[in-house]
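My structure is below; once you've seen it, I'll send some questions.
Chain nomenclature is as follows: A, B, C and D, assigned in order of appearance, with residue numbering initiated at 1 for each chain independently.
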Amino acid sequence: MGFSGKQLMGVGIFLFVIFIGVPLIIAATGRWDFYYTLTSVALLAIASAGVWLTFYIGRINIGQGAFALIGAYVSAILVVKAGWSFWISLPAAGLFAALVAILIGLPILRLRGVYFAMITLVLTQVATLTALALPITNGAKGISSIPLPSGVSIFGIPLIPDFSSMENTKLAFYITACILMIVTYAALYRLVNSRLGHLCRSMQQNEELASSIGVNISYIRIVIFAISSFFGGIGGAMFGSIAQSVYPSSFQVADSVNFMLNCFLGGLGYVFGPMLGTLVLYFGWDLLFEFGKYQMLIYSTILILLIRFLPNGLLSLSIGKGDKK
Amino acid sequence: MKRRSLMKSALTAVAFTSLMASTALAENTVLKIGFVGVTSGPAASWGISNQRSMEARAAWINETGGYKIGDVTYDIEIVSFDDQKDPKRAIAGMEKMAQEGIHYVVGPNVDDGAAAVRPVAESNGIMYFPYAFPKSLYEAPASNAVLGMVANYQSGPAIYKYLMAEKGVKTVAFVAANESDPLSQRTGGIEAATALGMEVVSDNVTYQVDTTDFTPVLTPVMRAQPDLLVLSGVSPANAPQLIRSARELGFQGVISTETAQDAGVLAEGAGDLANGFISVGGASTPELSSPMMVEFVERYTKMFGEYNDESNTKVYALEYILETLKADPSAITDVDAFKTTMDTFEAPNPYMNGDAKLRYVGMSSFGQRRQVSVPLVVNVYQNGAFETLFVAEVD
Amino acid sequence: MSPLIQVKNVTKKYGGLTANNDISFDVAENEILSVIGPNGAGKSTLFKMISSFVPTTSGEVLYRGERISNLKPHIVARKGVVRTFQETTIFKSMTVRESVVVAQHLRAKASLAGYFWGSKAAKEDVDAFGKYADELLEFLGMSPISNEQASNLPQGSLRALGIAIGLATDPKVLLLDEPFAGMNHDETMQMVDLVRSVRDERGVTVMLVEHDMPAVMNISDRIVVLNFGEKIAEGTPSEIQNNEKVIEAYLGSVDDEIGM
Amino acid sequence: MEQILANGVYLGSQYAMIALGLTLIFALMNVLNFAHGQMYVIGGFVTYTFYGQWGVPFVLALVMSCVTLAILGALIERYLFAPVIKGSAREESTMLLAAGIAFFLDAVILLVFGEKQRGVPKIIDGVFNYDFKLIMPYDRILICFLAILSIVAFIGLMQYTKTGRALRALAQDRTAAQLMGVNVDRYSMIGFALGAMLAGLVGGLLVTITGVNLGMGGPTSIKAFMMVMIGGAGVISGAIWGGIILGFMEAIGLALLYQYGDITYLLIFVSLMIFLAIRPQGLMGKPWG
């Protein structure tokens, strides 16, 4: 599984832009607010990657908001009530979201098409209402004043600095989010191009035929849904830590829908589609901030034009494959 | 291919213009005040009444030659950010305000947004004026948030006390939307009512935010036959429907809420059924409005076509910011100076007749002065307009 | 020698409708056995029950003495009993070679995690899959179209692709669903040769469901005839051709049975 | 008990009407129209403007709502959905388009009609009150009756007219309908316009009771989705059943579970999920791949 020189160069440029280019540009232009915007893009792109993965087995997932919310709450509760380090609560949040996904996925993954889409949409509402009703989530009051991530050191060697002692946490959160995003997409890329990915693709195209060649489709569906929700949980937990608060409304139906739109906009056929889709949708909204009350009108008009003329996603622009029809 | 390159360039153009616009240099005499809140979607009414009252006031100031703070006269520019009622976006909005060098921001409109922007506001030296009630936002160690209105745990007791004394109200029922803000307000209301010795006969009926028909929601509440029905944290959109359903179900008692409402909306949505409905508002009833308030309403109406009574309360935050800055010009860039000034600040309230004062309060609720002293004006709706029931003060 | 597959008293009911009623027969190793019958005779349902795509209402199917009915399809496939579909059921946006590589799923030695991390076993698998795919496509005469996308293939090649996917799983028994439907005489003869060579050269037992009488008579070692969900005859092609019940069944339904 | 029944019938009839338009569009083009709720809101605002603002007779205002939405629906289908469906590799891409249109309509509603809750004068005053056991304002009874009438008229249209038969053929099998000589493009447009018109009609009807505000769109769409799922996607009778069932679930849930206030809807949602998990194609739908 070798990479071509072109691919390696692309990855190199990408890393350079993220870790050196962006900070330099921000320092030069003084647009410090872009750090948070880009951090958001990175985290939302992680959750969107999960949605994209469920698309990859042919399921429209409008439930990622639920798992992001679960992740945010698990991390917040572990940090605030159990006193865990954020860095341990982060994977725990992902794993818990994955566990919930397995339990819920067992019955609902049999559904297809719009039925699956709708049941996941309802799932998002269930998550919000549950958070409102449960005592451990503090109900309507939410969990606020969550401490910033603490430092981590092994044998006295500091691995991660203490966020609360930092002058400016923006850069730290930006770098953390970007590292998480890169790991997520590297894993996603690897997964899609490994045998599991090929099996997913076979399921996406025809579940019956896939099972006739011996693919345990229900097992793979669960695995994929769990991985997808793991991403959602991680993204949500990280957000909770930046906002230092979690409310039942932190992730709602609108978020679930946005995650899905990110995937559509970027292109369902491309691993890096959701990343680009998130960047355009989220950053685009921010850039249109200047238009005041016309912001939404312009934003939605551009969105409609994009899908009208590029129905297979933004990435179909550069990749010739999209030209067939 | 042609179409594509066209689209690409169009997109780039859009991106560029907005970049350019936002990096354009501000003139020296401009003082930017921020607004981060919800101006689109279901709750748009909250933020829009906010934003418009700020814009109307700013336009008025600029038209009449600007605002003098210290030796400099400023034009006021309102920078608004629509957070879509999403706490994640609210953070982005606050970052944007920091980017614009703004130190004074009005909003956000809801609990989760107000909590989420706190880290950004504190690390960037921004004072913000949310319309959210959680006490943790205003109690130490938090120190950058200033409650922009009267909290329901302050107005509730006043209203209940009045109703007990004047109308002989003994039993009360609460309904709330199943959402953070209204549920928290319901909790506060129940505590206040119980403390006053009222009997709470129904306190667990909730409705979905998107409910359009409240008859089934209210039927069980009506069975408890309360003297008073409190609509906790009710949104202006839902209030008329709730009132109408309650009256149609034969409810004879008093209906009240602790949030600001719009008379026009009530008139259209519930008509005469809304007569006697009690809510909290600012100073725009004829008895209280100063000439300045009257002119403000006129200018607002001219600018946006229609006035919104919710703005009665929301006009104050900007006035407080400007007056405090006037009292201590160094606070324009230094929020610590602002905080110090807050403790002693006092100025006449220009919107109200009589000798009402603008000052910061909140000692008894938060242990520090982190609330604007808006007159606690309790209104009653009567045939298309609000009448003042009584006026109280918050300490 | 015991039979490879035993169909024992299999019955399938959909609500009040009986699709198959008490059907029994055996399939011997290395045999080509066809199931024929007029439309609606219950051939397809029978096939689905053998491959566990639908459960039986009663009765069972044994493979080497082991029950394979009422399981999951992928488990039956794992045991070596693999079905193919009619031409519309393919991996539309994969190339021929990709489809055949994916279909070798069951031959994989490395775990899914091993693939993710790129273990040695996984690398060996990938090489082996590619090699086997090329070999298989050559055997089937499909090498020239191996990089075509499946959705662009003509009907005949789709049928062959279906068989290629089935064969790639390394089955012991291959169940073919109407492999000759819609083909002209020449194409049918090619397909007959292909199916025969699958049995002869790769040692795969073949069961097929088919309408095309001449082809069935040509290819089959034995034939099972269904009518209205019941088995009405079983035997060699010549026995079947002379069976009165069969002739009656087909004559009686000659109106709606076209091209037999 | 009588009250629950009456509330159920009332809620059910209006829900069923909302669901009908959505399911029609879904059946014809496999499009899950996220903008359905926004169309409903526009219908409400149009009636509000004509009837509430300008004093045009209510029935005429209703007709205006229908006409506006029919035209809007036809334009959206012709210039947006049809080309996107033709050009996209996966038909789910239309969901992005539908969501974009929903955002767009929301923005337009905000700019044109403002942010406030709007209401119109009552069409009839008075409340039907049977010994406090059954309370129902007369206008609700009228609207409920009109809603049922519209549903019956719609079914009649689908069953007995040429257009209806063509639409049904199209919904059943696009290719077959084309072979039978149905002008697929034209009838897709008519069907979409009809679906949008239904949304506008119900918006116009309900504005007399619930009023209208720009925030009602999204939640209405979601509720409509749920009804469609309960009944079975793309099945007309399913949408009606779904609406009635959800209406009754709400009426019963709110009446019996009120002391658990906060969890009534949680229970409704969870039971919906369980129902769909057991019966993936809804009450009367076909599984969709």
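Operating definition for what follows: a contact is a pair of C-beta atoms (placed from the backbone, for glycine too) under 8 Å apart; a residue touches a chain by one contact, two chains touch by 3 or more.
This one's a predicted model, so the numbers in the text were calculated from it and none came from an experiment.
A.B. asks: Among all the other chains, which ones are in touch with both subunit B and subunit D?
C.D. replies: A
A.B. asks: Relative to subunit A, which chain's C-alpha centre is the most remote?
C.D. replies: If we average the C-alpha coordinates per chain, C ends up farthest from subunit A.
A.B. asks: Which chain is in the middle, if each chain's centre is the mean of its C-alpha atoms?
C.D. replies: When every chain is reduced to its C-alpha mean, the one closest to the whole-protein mean is A.
A.B. asks: Looking only at C-beta pairs in contact, point me to the busier pair out of A-B and A-C.
C.D. replies: A-B
A.B. asks: Need the CA-centroid distance for the pair subunit B / subunit C, whole Å please.
C.D. replies: Those two chain centres are 71 Å apart.
A.B. asks: Using mean C-alpha positions as chain centres, tell me how far subunit A is from subunit D in Å, no decimals.
C.D. replies: Taking the mean C-alpha position of each chain, the two centres sit 32 Å apart.
A.B. asks: Using mean C-alpha positions as chain centres, tell me how far subunit A is from subunit C in Å, no decimals.
C.D. replies: Their C-alpha centroids are separated by 43 Å.
A.B. asks: Would you pick out the residues of subunit B that each touch at least 2 other chains?
C.D. replies: 39-40, 178, 183
A.B. asks: List, in ascending order, every residue of subunit A touching at least 2 other chains.
C.D. replies: Residue numbers touching two or more other chains: 129, 132, 254, 293, 296.
A.B. asks: Residues of subunit C that contact two or more other chains, please.
C.D. replies: Nothing qualifies.
A.B. asks: Taking the top-of-page definition of touch, could you list the pairs of chains it picks out?
C.D. replies: Pairs satisfying the touch definition: A-B, A-C, A-D, B-D.
A.B. asks: Touching subunit B in the complex: which residues of subunit D?
C.D. replies: 3-4, 7, 10-11, 14, 52, 106-107, 110, 114-122, 127, 129, 132, 135, 137, 140, 206, 209-211, 213-216, 218-220, 222-223, 250-251, 254-255, 258-262, 264-265
A.B. asks: Can you tell me which positions in subunit A touch subunit B when the two form their complex?
C.D. replies: Where subunit A meets subunit B, its residues are 29-33, 35-37, 40, 129, 132, 139-142, 144-145, 148, 168-169, 239, 242-245, 247-250, 254-255, 286-293, 295-296, 298, 302, 305-306, 309-310, 317.
A.B. asks: Within the complex, which stretch of subunit D touches subunit A?
C.D. replies: 26, 32, 34, 80, 83-84, 86-90, 92-93, 95-97, 99-101, 103-104, 106-108, 110-111, 218, 222, 225-226, 228-229, 233, 262-263, 265-266, 269-270, 272-274, 276-278, 280-282, 287-289
A.B. asks: Which residues of subunit A touch subunit C in the complex?
C.D. replies: 1, 187, 190-191, 194-196, 198-199, 201-202, 205-206, 208-209, 211-218, 223
A.B. asks: Where on subunit C does subunit A make contact in their complex?
C.D. replies: Against subunit A, subunit C makes touches at 51, 53, 72-74, 77-78, 82-85, 89-94, 98, 101-103, 105-106, 108, 110, 112, 115-116, 118, 122-123, 125-126, 165-166, 168-169.
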